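What follows is subunit A paired twice: with subunit B in the first complex and subunit C in the second.
For the complex of A and B:
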């Protein structure tokens, strides 16, 4: 078990290192001069202002220092939680801007990911080898997984929001309200949360149902299932055993899907102007706020790594073979 | 001697192929899936030629018109013809899928075959690299790259998608190669002095060709979805039209609030149809190649 976690942590550590290096490298080694392109994009015509911006950016990136020192400084700033100053909401530190958005993204992602996983697995297991259900669950599942996240979001917003008028289609809460811990605000928050949650939930649902269905069919054809049914075990019992075996790859699948799920959450937030990381990224791109974009990148990578580690722990809890030091899960 | 041995082997190969074809032509999922893809493919490649509209982004005189005989899918707030954009967007979608999926498949095969066949230290290192790229959230990396480099063309976008979306496929190929390399025929090839390259290309790859093809289909669909997300965030190609860019424009100019449903319905439906049909065809292929899954 120690080896299992050791390997995983090594991969995560290296991944973090690579991500930070990418984050440091891309602005420095991209073709052309980043400072002049940023100054040009700002569209300032006053020559005095251009010169000021130029020195400001050069100092900010520390381009006048040797490369290794720039790299070391980058890490030092990062470890102190210093991601620079946002240009979009100058002069708020980037970390503060991101911290304001993270709760919304997490509040949207954690319930939708977990619920779609549970419901999808349940539906898939239930449909497997039952002709009638299979013929409905499978096509619906394929259509859902093939949908781009933002399109389902747009469809839901248009159908249930604009046409039916049941749910609001923009924002995290009504503009007339101030964030507070009153019932009114919480209800309003939930009201705005329903549609983004629903679209994330639905798109992810299909993939889990299909995966689980295929796994269950595979398990039901395995030797132990045949042996059990030859012994006269009730079908329910065999299915329960099959489910417990089939759930393990689905847990690994959850870890593999995290990147896709984050991407889905980002574009869904953009559709609903939900004040999470996705909308932040959009603002950062529109305002050429590169520090904010890079900070968000670091936060997403960190979040995905932490989620991966939690899933690893869950896997050890669920699968006794990893605890016994046997070859259960490969790193 | 070799000639005598080879003839029956070739016959057997042709037989397997004929059997696959037999089941392929009787597989509803495969036919329906590839049928939908073929129709959309033709629309995407022939459509722009037939329409002859030089620029699908050209502003027209009738803004916000609902679908009619003149504008099949209506027009945008700028009077652009949605059908022309849709047809051009479909073409982009196929290009991104083929290029991005192709690049990813090539990298996945190079990494997977090498790691699985060589084993040992090479495997350890490649496995580590694969795991790192696997864990890093792809879209986040693409965000940084696209934002700084300012991706202009569709092929450039496809290149970056291909470079980041190969790990799961490499892992799967590695596992398959691992199980194949201890087989007798591979040992025989090694004894007869074939080079590693030749063994991989002539002995191992053909034995998992169906698997590789299905993997490419999934990578193809995946690239399309990633590209549409990037386009939607506003980091798509700055030149040309794509279905993702159409959705982005529709969202940016509040098509939803204005009730211009014909603006945002077709592009999403196009992506869903292409990717969904590919997935369904993939299941059909699985049934054709894997006798266990055939419905009796």
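For the complex of A and C:
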């Protein structure tokens, strides 16, 4: 058991290292110069002042040092929990900017990922081997899963937001309100949350339902199901076993899909101007904000890794075969 | 009379038409009898075994009746048949290696299965039967993957016979086992019969040598029909049907070197059951075939308990 988790942790550590390195590299290899754009934004015309500002900013962000040193400094700062200072909203620390956006992204991601997984599995299992349901759930599932997130988001925004006018199409809350813990604000927050949530939920739902339907059919055709039927066991028992065994690959699927789901959430946030990490990434790219971009990516990488680790643990709990395999490895 | 099968017809629905896998088969079994059901692949032996407990999705009951202990089995009606399964008719499947749910502990699975059939698990009885097949009692706390192939086979045998069914169908149970395990399984099966756990048994196999050891009666099928049915000793020493004779002649013998004497086989291959030829279905491969074989031979009792479907027997 310890050996298994030790190996897992090592792999996650390596992944983290590589991801962080790529994170550091990508913004620096983007075309453009953030310092020039900051100076330009200041709108100073005096050449002497421009030069002073340029040296000041370059020093401040450490761009005057050789690349390897920048890289080393980056790790040193990171280990102290310091993500640097944002260029876009200078001089707010990146960690502060990210913390302001994280609740929105998590509030969108966690319910949509978990609910779509649970409801999708349930719908798929329910449809399997029932002709009429199968003929409806399957095509609907295919249509949903084939939809790009942002396209469905745009459709929903147009249909339910612009035409029907039921939901607001942009923002995390009304601009007329200040964030506070009042009923009014919370209700407004939920009202803005519905459409982005729905677009993420629906697209993911289709994929899970199709996967589960296929897995259940496979399990119902398996030898143990046939044996139980031959011994006259009721369908209820056979379906329960089949569901339990079919869920296992779906858990693995969830782990594999997490990265994709996060990416989908980011795009959806941009469509709805939702003030989460996705919008932050867009802003960071537009403003050449290395540090903010690094910080956001770092947060996403950490999130995906932690979620995967949790799924690894869950898998060990639900599938006895992994436990047996571990015991064998120890002996 | 424990089991009476009369004029049973079971066809497979396919896109090209009905495959007549079981065409007009009749036989009876006594209480306590072990019937060895033999024949080459595709002769209908597995179909017959399945028909008596559960038709799969492609199989259709086209006619004939099955009577067990005086009650007719509704073999064409999946739902009504449930009442008989496990309690009256039970099965040791071909796929014992994968017959148990891989994610449930065996003891728990057995308990759940029994409860779903309205029976409470008698732990002591279960354990005494494990002792009988020489399985440690701890297997009940194991998952199926923790057992060897032979252990899984014996576990499935115990599960299938737990409710003392009247008829047990053992479908190719020894095919996937090595010779020494085969012997243990065969011994356990006869032990079950002798202990009264099962009243009678159909032992489906393609292994004539093994069948002759454990069966009281052997029934040989060919192309969906009964070819010959006789007491095991008679079948091996004095077969009457030309097909049975050739089948027994083509068995290799221990201690004989076949380098200089080629092992005899049966020339040709069985007819397609999609559209079987009229008359005797073995006619094309039969060395004795004559004009009368264009007529279908009836099953005749040439000696008490010895049935042959051949004009020349």
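In the analysis below, the second predicted complex is superposed on the first by the 274 of 331 C-alpha atoms of A that agree within 3 Å, B and C clash if a C-alpha of one lies under 4 Å from a C-alpha of the other, contacts with A are read in each partner's own complex, and residues count from 1 in each chain.
The rule we apply is simple: a residue touches a chain if its C-beta (ideal position, glycine included) is under 8 Å from a C-beta of that chain, and two chains touch if they have at least 3 such contacts.
These figures come from a predicted structure and were not determined experimentally.
Peer 1: Fit or clash for subunit B plus subunit C once both are placed on subunit A?
Peer 2: fit
Peer 1: Of the two partner chains, subunit B (first) and subunit C (second), which one does A:232 touch, if any: first, second, both, or neither?
Peer 2: The answer is second: A:232 touches subunit C but not subunit B.
Peer 1: When both complexes are superposed, which of subunit B and subunit C contacts more residues belonging to subunit A?
Peer 2: B
Peer 1: Touching A:160, do we find subunit B (first), subunit C (second), both, or neither?
Peer 2: Touch status of A:160: no partner.
Peer 1: Should A:241 be classified as contacting the first partner (subunit B), the second (subunit C), both, or neither?
Peer 2: Second partner only, subunit C.
Peer 1: Considering only touches as defined above, state whether A:319 meets subunit B (first), subunit C (second), both or neither.
Peer 2: Once the two structures are laid over each other on A, A:319 reaches subunit C alone.
Peer 1: In Å, how small is the closest CA gap from subunit B to subunit C once the two complexes are overlaid?
Peer 2: Subunit B and subunit C, overlaid via chain A, are at closest 7 Å apart by C-alpha.
Peer 1: Is there a shared patch on subunit A that both subunit B and subunit C touch, and which residues make it up?
Peer 2: none
Peer 1: In the complex formed with subunit A, which residues of subunit B make contact?
Peer 2: 127-128, 131-132, 134-141, 143-145, 147-149, 168, 221, 225-226, 228-229, 232-235, 244, 247, 250-251, 256-257, 259, 261, 264, 267-269, 271-280, 283, 292
Peer 1: Can you name the residues of subunit A that touch subunit C in the complex?
Peer 2: Its residues touching subunit C are 222-224, 226-234, 236-237, 241, 244-245, 248, 319-321, 324.
Peer 1: What residues of subunit A sit close enough to touch subunit B in their complex?
Peer 2: Listed in rising order, the residues are 11-12, 14-15, 18-19, 22-23, 26-27, 30-31, 34, 139, 142-143, 145-152, 154-155, 157-158, 161-162, 169, 221, 256, 258-260, 262-264, 266-267, 270-271, 278, 281-282, 284-286, 290, 293-294, 296-297, 300-301, 304-305, 308, 331.
Peer 1: Touching residues of subunit C toward subunit A in the complex: what are they?
Peer 2: 53-54, 56, 81-87, 90-91, 93, 95, 98-105, 112-113, 116-117, 143, 145-146, 156, 159-160
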